[in-house]
Amino acid sequence: MSVTYLEAIREAQAYLLEHDSRVYIYGQDVGAFGGAFKATKHLANRFPGRVIDAPISEDAMIGSAVGAAIEGMRPIIEIQFADFSTVGLNQVVNQAATLFWRTETPCPITLRLPSGGTSGGGPFHSQCLESIYAHFPGLVVCTPATVEDAYSMLIESVTLDDPVIFCEHKYLYYHLKAESLPKDALPLGKARIARAGRDCTVVTYSAMLHECLEAAEEMSAEGIELEVVDLRTVKPLDTDTIIASVARTGRLLCAAEGWPWGGVNAEVISRVVAEGFNLLDAPPQRINAKDTPIPYHPKLWSVHRPAAASIMAAVRNVLRS
Amino acid sequence: MNPILDKARVIKAYRWMLMARLLDERLAQLYRAGRIFGGVFLGKGQEALSVSMGMVLNRQDVYAPLIRDGAGRLAFGESALDALRTCMGSPMGPMRGRDGNVHRGRPKEGYLPMISHLGASISVVNGALMAKRMKGEKKFVGIASIGDGATSTGAFHEAINQAAIEKLPLVLVVANNQYAYSTPTSSQFACQSLSQKAIGYGVSDHEVDGTSLTDCLKTMQDATDRARQGEGPQLVIANLLRLCGHGEHDDAHYITPELKASSVGADCLKLAENTLQSDYHISKESLEIWKEETVLEINQSIEQVQREGAPDPYHHSWKSLISRELCEHS
Amino acid sequence: MNPILDKARVIKAYRWMLMARLLDERLAQLYRAGRIFGGVFLGKGQEALSVSMGMVLNRQDVYAPLIRDGAGRLAFGESALDALRTCMGSPMGPMRGRDGNVHRGRPKEGYLPMISHLGASISVVNGALMAKRMKGEKKFVGIASIGDGATSTGAFHEAINQAAIEKLPLVLVVANNQYAYSTPTSSQFACQSLSQKAIGYGVSDHEVDGTSLTDCLKTMQDATDRARQGEGPQLVIANLLRLCGHGEHDDAHYITPELKASSVGADCLKLAENTLQSDYHISKESLEIWKEETVLEINQSIEQVQREGAPDPYHHSWKSLISRELCEHS
Amino acid sequence: MSVTYLEAIREAQAYLLEHDSRVYIYGQDVGAFGGAFKATKHLANRFPGRVIDAPISEDAMIGSAVGAAIEGMRPIIEIQFADFSTVGLNQVVNQAATLFWRTETPCPITLRLPSGGTSGGGPFHSQCLESIYAHFPGLVVCTPATVEDAYSMLIESVTLDDPVIFCEHKYLYYHLKAESLPKDALPLGKARIARAGRDCTVVTYSAMLHECLEAAEEMSAEGIELEVVDLRTVKPLDTDTIIASVARTGRLLCAAEGWPWGGVNAEVISRVVAEGFNLLDAPPQRINAKDTPIPYHPKLWSVHRPAAASIMAAVRNVLRS
């Protein structure tokens, strides 16, 4: 038996619905249809009245989740594509993210954002918005890269008393498989050494983890050993784990699928240089998507996003200096 | 007679209106004396409508008031002390100096703290009502209060439509005070009356003279009763006039003399006093005494707030999350 | 007779419908053969309504079509070649492989390229109309096309209200195809008919049988005429059924047999053929010949697109700004 | 005669309306009332039909600007407070910012965002959102710090064929004064050395420039000379000017009023370490607002945002290492 990243998300939701009566799911087409990506397939049937079709009203969907959270519920909001969360952003950053700080009232909502590029996705079905949400105070931002994390981090997110932006990567939905669901997991906020190595630290997350691991395998054949850090959450950032790795390797590349200006890579580098400047043997570098909308044609897209080949080139750049 | 109009209740409503008005006047004074940080936004002319919202709600209900709802807040259970604490930034108030003036509430008590973004509170009320239904509660309602200008927001539209689809016991009250800041309703919508919006959402509508306390009480009671009984969302449009500037920095020179002279321009507090005297046989003396009592309470509250001091930034918890272990150091 | 129904125009409309249908069928084939990147979204069942939008517009007008408007796009002046180029990612098409499938347009020609966010195009049309008015142009209109689901968006609400306030010549066409993806209208709105929304905005409304080409032509002509003459925004609600999945990945199993069997479930293309034969005396042979001609044109276009190849990422300009000197290197 | 930052913005708009018939202003209360901050006072009168009151519909306001731009106009949209732009964000980042890249059609719109904290502003009237907009491709993001720049950069923004986010700082509106309006100016995209110094480069922008200059004056008395760089635009970033300054001082502090995670400071540091690592004698540091909503009470607010005193402490930290 094997389980995909998408199935892990579905199983996590089933688990939550079964074990916590405060949990419900609200999103477009999540009910009988089971969601655009089938992440809620059969759940409406199994949990009547708790998996609810929403109108095309992202602002009201998210606003209502805050109200329900105030009343003690733990809503999961599925946004059909992360890109569409821009029309509900205000309720996230100004309503949900400020509630606890303003009033000491918990706001346990989880927003599931199917994120990131897939072939042919184009400018409006491919975006990575984790850096946008992470900039605002009051949110936890998850970016699981593995089947195990998709499962355990979603369960922990919904269990948390704070609002969580759960960026699940569409590219991983069907392709990524694991043997089984995990029994235990690192807590939210802890990064993971996905691969040990002595020559350069590569900090990454979500779908890019797999491009980095592929790059690491290829470079290993040449005798270059990359240490790959999977951030798991981009807010909070596990600076300690990153710095400990840089202490071992002396070099740093950050790889993210998001746009280049600001964002996760810039934040990681700023922390490493502030706290671990003397550990560095070379200038830390980063690789991102290009600073344009995400292109539709696969030939353009494959150059727009970082991938194993361009990551390898970037690593060589770090090693050279 | 409609029980909402019995003497004790009307007196109660009037006294909250009076408190709201006098509190507003004090806030305006304090503002001019530089004793308030940020803006001050008054509810002058809207007390009859506002108080009626608070009067028809029970403890298990949900209330999302807006900037001009001082009276409704009091009637729903807020103290003058909390209002003053928030405006003056006391660390003891519900917002502890973190948020100010009208942005206050006690969400755990069903009293939602508005954010500034207009229209954004309505769907929050919806969610609270959905939750109560899921939890099996019965006979609850939620009131969301907005202005004429907020009807132009996407948030308003999405939320009233959501409430209609989910058949929620939402009472959405629009205080049509003829202006959004300086903008007249003619630049805000092109329908004849905002109540014409109801049919397009499949919800019931009510229109009321917002200057009349008894009319407001009756209409709000009727609307909430219907919502409680499962008739779905109720849209209440109240016609009145803002008898002050948008905020105390605004002299409202743009309000036309015609509007001021028209029936919407009447002062609901004065009209309520007249009604109390003529229909409920309250004496001028009683009115005077209530006023004095109210002034006293406000003065005592202000003194207390002044004793409470200011928040101490160096012993303040700068944490945006409950999960302290997930907070980043800053 | 209404001039929009003269024989030559109805034939023209029918032939665009036919082209749209056959193009859709080829796109579906290409999709199944893995020759299209991303999704494919068809307009099957909506051609009569869609083509009518294109038919009533002139060169100086503005058109913001949506996912199911293949027919309207053709009638407004798009070539089958451009449609195929966009879906197949040709570097020669208007989107040059940067955007795909339904997200195409030529804004400088008044043909707006939709973004995916539902409802977002309407206010863009408004702005174009405001600009034309400021520039002193006359007798222009803009059509924005949306689905029943998009009426739930805040963007829809803000834009139709904006058009009403500004008295813009906007014709807002809602194809009520009974579903938004899998979601039936009962989970999208609670009014009896979407045309009931018009009064709440102070705009005129029209309701039309979306399966009848002649009805759609008449209604669209009437609505655009009124808008051109300065009567302000017109809301057109067309009742019909999506005769396919949301996209070609969707088998639409959720569409109820009752709806399929009801009058909205009729195929507008078949009905149009019947009308052509019975009312306009077009022979079966002519219909056959048109079909063959259309297939030929589509095939030739596909061949051309295939010859055009793919965009070359290494000789591609990765610049988001016209002001190249302000682009950051990436 | 002297002119305030706010007057400069008004004069720039008057100039544009007078010299370019394609320019119009659209925003809440901008007409007869002259705008919430009086930035358009008298303009409706002077330019009939071209200074238009908008309904409370930020999404439609910005969407309509894109449509008008397509038709060749050059709209200026006044958002009443930057904070409220979140409800119109989708039209900015997905409609305006993608138009040229997708279709080669210019989108010359300028969004005026009254930004930043003032005493008693609180969580929803104080936000700095420049880092949010800068993350998305397709936008120019201006953050003028001086009266002269408020004037000349606004004129250049509206003249540009691309969409511009013009973050004008409310704290500077009335207090900041200049002798007269400038005759010429640096072009958009160029940073400015606001003060020369040898000991540490301080990169900043907008209202924080004045806190940094104050800090520099105070430290000068102790013999410490700060070089203060005013970014002027945060996208694009003038990396060359920054690096040239770091080459002179060997040290870097970045000071911004925005929230700490990601954003301008992180982007500046990432560029400096990538391109000028060997110029640095000490770890680059940054100072931001705290990672919470902006507090209402002035006592809390003055600690929440960076100010001369905390900037001086941060500089000492950089100098110490």
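Letters A, B, C and D mark the chains in the order given here, with residues in each chain numbered from 1 onward.
Criterion: a contact is a pair of C-beta atoms (placed from the backbone, for glycine too) under 8 Å apart; a residue touches a chain by one contact, two chains touch by 3 or more.
Predicted model only: the values in this text are computed from it and were never measured.
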- [ ] Starting from the Cα centroid of chain A, hunt down the chain whose centroid lies farthest away.
- [x] B
Open item on the list: Could you work out how far the Cα centre of chain A sits from that of chain C, in whole Å?
Closed with: 36
Task: Rounded Å distance, chain C centre to chain D centre (Cα mean) - done: 40
TODO: Mind checking the centre-to-centre distance between chain A and chain D? Centres are C-alpha means, answer in whole Å.
DONE: 30
Open item on the list: Touching at least two other chains at once: which residues of chain B meet that condition?
Closed with: 95, 98-99, 103, 115-117, 152-155, 158, 161, 165, 187-189, 319-320, 327-328
Open item on the list: Residues touching two or more other chains, restricted to chain D: which are they?
Closed with: 54-55, 57, 59, 83, 86-87, 90, 94, 97-98, 101-102, 123-124, 137-138, 235, 261, 290-293
TODO: Take each protein chain as a node, join two nodes whenever their chains touch, and name the resulting shape: line, ring, star, complete or other.
DONE: complete
Task: chain D partner contacts - residues on chain B that touch it in the complex - done: 36-39, 89, 95, 97-101, 103, 115-119, 149-150, 152-155, 180-183, 187-189, 254, 310-314, 316, 318-320, 327-328, 330
Task: Interface residues, chain D side, partner chain C - complex - done: 24, 49-50, 54-55, 57-73, 75, 87, 90-91, 94-95, 97-103, 105-106, 137-138, 140, 160-162, 188-189, 235-237
Task: Touching residues on chain C, where the partner in the complex is chain B - done: 152-158, 161, 164-165, 167, 186-192, 196-203, 232
Open item on the list: Help me check something: in the complex, which residues belonging to chain D touch chain B?
Closed with: 28-29, 32-33, 36, 53-57, 59, 81, 83-84, 86-87, 119-125, 260-261, 288, 290-293, 295-300, 302-304
Task: Complex contact set, residues of chain D against chain A - done: 59, 83, 86-87, 89-90, 93-94, 97-98, 101-102, 123-124, 131-132, 134-138, 235, 258-259, 261-267, 269-270, 273-275, 277-278, 280, 282-286, 290-293, 321
